[in-house]
Amino acid sequence: MDSSDWQAVTLTLQLGGYTTLILLVIATPLAWWLARQRSWLSAPVQAIVALPLVLPPTVLGFYLLIWLGPEGFVGATLESLGLQHLAFSFEGILIGSILYSLPFAVQPLTESFRQISQGQLDVAATLGAGWWRRFWTIVVPSCQGGFLIAATLSFAHTLGEFGVILMLGGSIPGETQVLSVLIYDHAEAMNYQAAENLSLGLLLFSFVVLMAVYTWQKRPTGGARYVAR
Amino acid sequence: MDSSDWQAVTLTLQLGGYTTLILLVIATPLAWWLARQRSWLSAPVQAIVALPLVLPPTVLGFYLLIWLGPEGFVGATLESLGLQHLAFSFEGILIGSILYSLPFAVQPLTESFRQISQGQLDVAATLGAGWWRRFWTIVVPSCQGGFLIAATLSFAHTLGEFGVILMLGGSIPGETQVLSVLIYDHAEAMNYQAAENLSLGLLLFSFVVLMAVYTWQKRPTGGARYVAR
Amino acid sequence: AELTIAAASSYRPLLNHLAQQFEQRQQHQVRFVFGSSGKLATQIIRGAPFDLIFSANMAYLKALSDNDLLAGEVVTDGYGQLVLWSKSEAQLTAETDLVKLLQQQRVAIAQPKHAPFGQAAKGYLEQQHIYHQIQPNLVYSENVAQAVHMVHSGAADFGFVALSVIPLEQQSETRMYRIALENEALLRQAHAVLKSAKDKNLANEFSRFVQRQEFDEVKRHYGIEPERVKN
Amino acid sequence: MLHVDIELQRGDFRLQLAHQFAAHKVTAIFGPSGCGKSTLLRSIAGLEPGLRGTVCWQNNIWHAQERIVKTEQRGIALVFQQPHLFTTKTVEANLRYGMPRASVLKACAMQFEDIIELLSLQPFMQRKPAQLSGGQQQRVAIARALLSQPQLLLLDEPMNGLDQAAKSQIMADLKRIQQRFALPILLVSHHVDEVVQLADEVVIMREGKLLSTGTLQQQVGQLSLHDEGPLSVLSISPGDNNQKDGLLAWQLGQQTLWLPTTGLPANSDSKRLLVWARDVSLATGPLKNTSLNNQVRAQIVGFERAQHDAEMVVELAVGEQQLRALVTKASIERLNLRAGYCVYAAFKAAALH
Amino acid sequence: MLHVDIELQRGDFRLQLAHQFAAHKVTAIFGPSGCGKSTLLRSIAGLEPGLRGTVCWQNNIWHAQERIVKTEQRGIALVFQQPHLFTTKTVEANLRYGMPRASVLKACAMQFEDIIELLSLQPFMQRKPAQLSGGQQQRVAIARALLSQPQLLLLDEPMNGLDQAAKSQIMADLKRIQQRFALPILLVSHHVDEVVQLADEVVIMREGKLLSTGTLQQQVGQLSLHDEGPLSVLSISPGDNNQKDGLLAWQLGQQTLWLPTTGLPANSDSKRLLVWARDVSLATGPLKNTSLNNQVRAQIVGFERAQHDAEMVVELAVGEQQLRALVTKASIERLNLRAGYCVYAAFKAAALH
């Protein structure tokens, strides 16, 4: 592995980490709203969240490139504010990844929130716990599984995704060239050995991370089995 | 839209439909096992299921191409049995899609199964309901949300995914050229208008399907709100 | 009968035109699988059911030939034309100072690791000793077609692309600058009939068809120079 | 006949008991919170993984080392401590869940309409469980269990959350159904009145083990240890069927008692009379001019300590049977009550079953 | 002082009531299953969306059109009909959830150790709720509510699933705590004994509406309508504090009663004596030679129909107070009992609170 490989690794981890983090922050309130509010808007919003998935990543990347680029709606607005447009930047691929993995975070969380015991929330309220405390002490532990799925699916999907990132990011080493793009480049150049080495590394790393997460989750949470008595 | 577009549409729907169906069939027992058995194998299996996600789709497609192709382990075995190898065939891209979308089906279902009320299952058993009946009458309705997420994420992801399919299937019109590949192709040919038309059609169609599914799901299931009393 | 032809994206406009002619005259169907040369070569090695390959990169054709997958000779169709394409009017000439021009600009280039036009562009910049100055401005795409997208979308200001993939109506001389390469062989465009071809006769027929003299003008029109260009 | 000889470990808690439950009768399982009553019922139902030992039901092995019959094949119904209604189904669907097919149902013990009626569920049939009050949910759970036409009914504190009127009504009907179809029932309850009203046999548990077992009459002393104080159960047989002013004559050995008529089926079986010791007063001679019209001659057998220091439990023999009276020590002194003496015991019956 | 004037619609069911709950006292809410008791408590707690009307607590508006105070800011605790323990937390974490910070806690009414002790939770502190029996879970729920040091305690059938011993213990301590800190409690219960033991005021509900309200004494007649039969509550004051043979003298108007001493704090307040009508016997003169040592002179005020046709409820005046006796019509004839006559009423007290 040379230095550009290491750069790609760091960048990938950053992208995966930020994407997952930001997704959780965005998806949580959205999922909460979807799960707990019975508005006519829920179904369309849920559908729209899933839509980026159905487009081929490069095509999605192309449209994002247009919107976030200097001539696009978002990019132009940013530039008129004296800021940079987002094409070919880390911020840009971050936005792309977030958009593209959004449903993997929103959907499991929504379902998780739907299953919460209203009884426990009510009790917590009578015990003086405000919204935040209820959220951290009741919702988060009960929905641990949902958060975990949201996080691991988003993270894994961000690691592997490259169509959007390649198009939107331009694969600039150290800025937007993530590992998946690098592996793709190696494979495309029939540089199979290099591709395989990187792939194996990525797989191994991901396996270790996922294993750790799932093993940690397996800690008995009280054995649902026996609540029946 | 010309005839090759229509062919692609049919093919895409078939691929999406079969993938979703087969995924549900495979993922359900797997998720059940993961959710209900506390084996040391659960964490590694869960991690492995998620692994295909972290590879760039074309690279995954490349490895699948090797394994399913005439010289690969699977393909060679099939050929030695007088059958066809699976590269560049509909069956091949079906397997690829299934593998690639597996975590989206397994994970939400696992979490859903974890949340099932053991009390209700126990009661059903005492009322004479065998495993199958319990599954269909208690598990499926309680996990409706989980199944729905599994199905919609798998379906949407299969519609949009093209890296694996392109590599493994070779984009042969009428055989393995699905809509996402076609859109990609149109875009690549700078046939932006065609790509946009197809994309819009795909988005619209997906939106309608997803809307229908989520609206149907929204039917009140008893207002968890009031169970607390 | 039907021909399935694997072709590099830089061939797309030309082959579409030629195939139309072929179909009209021969009553045969031709279908294309366009992709990057590397991907196509990989697929052929793994048993893809293609009849011919049109590649923009001789290395991949050599790999196929090494694997004994070619049914005949490698036939050169011509040479690709590398151009620097601008998103707006630019009045580029040989005298233009590229370093100055490309300063603070985004320049799209196909990934030199595997895309021949990218390689060619990189080679050109190196040969001009300006690669280091320009490198920070480069953004990489999967292939030349995507490099064109990047310019087209307005996100990149310039792109090193193949003339053949620029839409005809946008090939105004004011927006592009043809780059004369030291070694055009780098962009040699060639095709070969594959061993896996179902109907070798038909495949050979198509191979001969595209070699006809009458299509030289067409080739040139679509950005592939059948003859060596002498400056 | 249900034979149980099991062992089960849950953390520190160990359930270990062997007992043969009477067929066709109601066995009450009684014991303090956490002594393993629910775990016992769940073990019998086949719901506790890791159970060791044997469970046999009428010559069928339900659980043994080599063979475990699945819960759903045991033909039982279990009303759990929580209603556990099927949340996604309407009340009606809940009720019908365990019901045999209509063709079989005709000949069945419990008819749909009767049970709905008994538990007053008519207004809720199309509701979802979440739209019911606690007591209403509990009633649905009971009805659902009964409608599955079990061979063996396991009830885990089934009357929790029911109001007194509903409870009496349901217990009476349950008893009626039980007797008509000789349905064996295991009943877990913390309420002596429920136990006394329904049970024929009593199993008392303590910390996962059997403390004692026997018929209700034999076990009355043990039940007494619980807070409601000592009590007695007297067997009485129908007298010459003289009915006077709404009172019915019953024979307690040689003596006659006049008790208000009850809705219980007036078959010739003997009935049980539950008498709390605190309701029994003693006199050295028959009392006149009092509304206490059931005064029986009894002999003092002995004395027992009572919960309160100022009181004693006087053990009396009425014919063959045992009666307990709770009186103050002051009264014992004043009346000079000694073992062997004959006294008149006056009481009002708390319940006739 | 809690003032409630609310309206709530749930499907066909409509809760509509206005009442001013006494401050510093225990108000029992009594009524058949499904009459809206839980819904009332939840409304007061602010847990029922769509509630209309006003809820005021000591001059603070908790709920009104323009202003709704959040549940968590009301300083209440509610023990729900189901324990609803936090499944992911240990018992200890459950208990500490609502507790104020340690610094504040020092001055608090309910100390951690005391409550653990009272509810015997010591052995379970590190367990998860799923590893507890039904009764144990219920106890944790009660402890958790008490430890949050509420200003107002709402109890929804809190004693469900508890055995008699635990129940008596907890009720006695609850009463003690309540009196010491003048903690207002709303108690939903189906058990007359719980109501009588704890309540000062009684609210009776029927189908979402108030049926009647009043002090326990006033409401005793209403409670009687429930199955356990008619009863009376007598106020007695401490006598000259003569203690004899473990018996304590109490004044019932001009007359003296001798009752076993109790663990209740022997302050100078008057106590309540609960007497079931079926435990009262009447005689035309004082009875001699009997263990019935509490015989009071009473005047017959009138007669009421009883549940059973063969019996009548005799209403008696003992000084200012009302006493009920359940006797057979046959006895009434035999003793020639008529309104205005004086009789001697003998009884054993069921409970002293």
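Odds and ends about this structure:
Letters are used for the chains, namely A, B, C, D and E, taken in the order the chains are written, and counting of residues starts over at 1 for each.
Everything that follows uses one rule, which is that contacts are C-beta pairs under 8 Å (C-beta built on N, C-alpha and C of every residue); 3 or more make two chains touch, one makes a residue touch a chain.
Note that the structure is predicted; figures quoted are calculated from it, not measured.
The minimum number of touch steps linking subunit C to subunit E comes to 2. When each chain is reduced to the average of its Cα atoms, C sits farthest from subunit E. Separating the centre of subunit C from that of subunit D, both taken as means of CA atoms, is a distance of 91 Å.
Our note on geometry: subunit B versus subunit D, Cα centroid distance of 56 Å, whole angstroms. If you average the Cα atoms of subunit B and of subunit C, the two centres end up 36 Å apart.
Subunit A and subunit B have centres, each the mean of its CA atoms, that are 19 Å apart. Each of the following residues of subunit E touches two or more other chains: 10, 38-39, 42, 47, 80-82, 84, 131, 133-134.
Contacts with at least two other chains are made by residues 58, 62, 117, 119, 122, 184, 187-188, 224-229 of subunit A. Contacts with at least two other chains are made by residues 39, 42, 146, 149 of subunit C. Chain contact summary for the complex, subunit E toward subunit A: residues 42, 45-47, 70-73, 75-78, 80, 82, 84-89, 97-98, 128-131, 133-134, 141, 144-145, 148, 154. On subunit A, the positions that touch subunit E within their shared complex are 117, 119-120, 122-130, 137-138, 141-142, 144, 221-227, 229. In the complex of the two chains, the subunit A residues touching subunit C come out as 58, 62, 65-66, 68-72, 75, 85, 87-88, 166-167, 169-172, 176-177, 184-191.
On the side of subunit E, the complex with subunit D involves touching residues 10-12, 31-34, 36, 38-39, 81-82, 123, 127, 131-136, 139, 156-157, 160-168, 190-192, 226-228, 244-247, 258, 260-261, 278-279, 281-285, 287, 289-293, 308-311, 325-335, 346, 348, 350.
Of all residues in subunit C, only 4, 9, 12, 31, 33-35, 39, 42-43, 46-50, 143, 145-146, 148-149, 152, 165, 167 touch subunit B in the complex they form.
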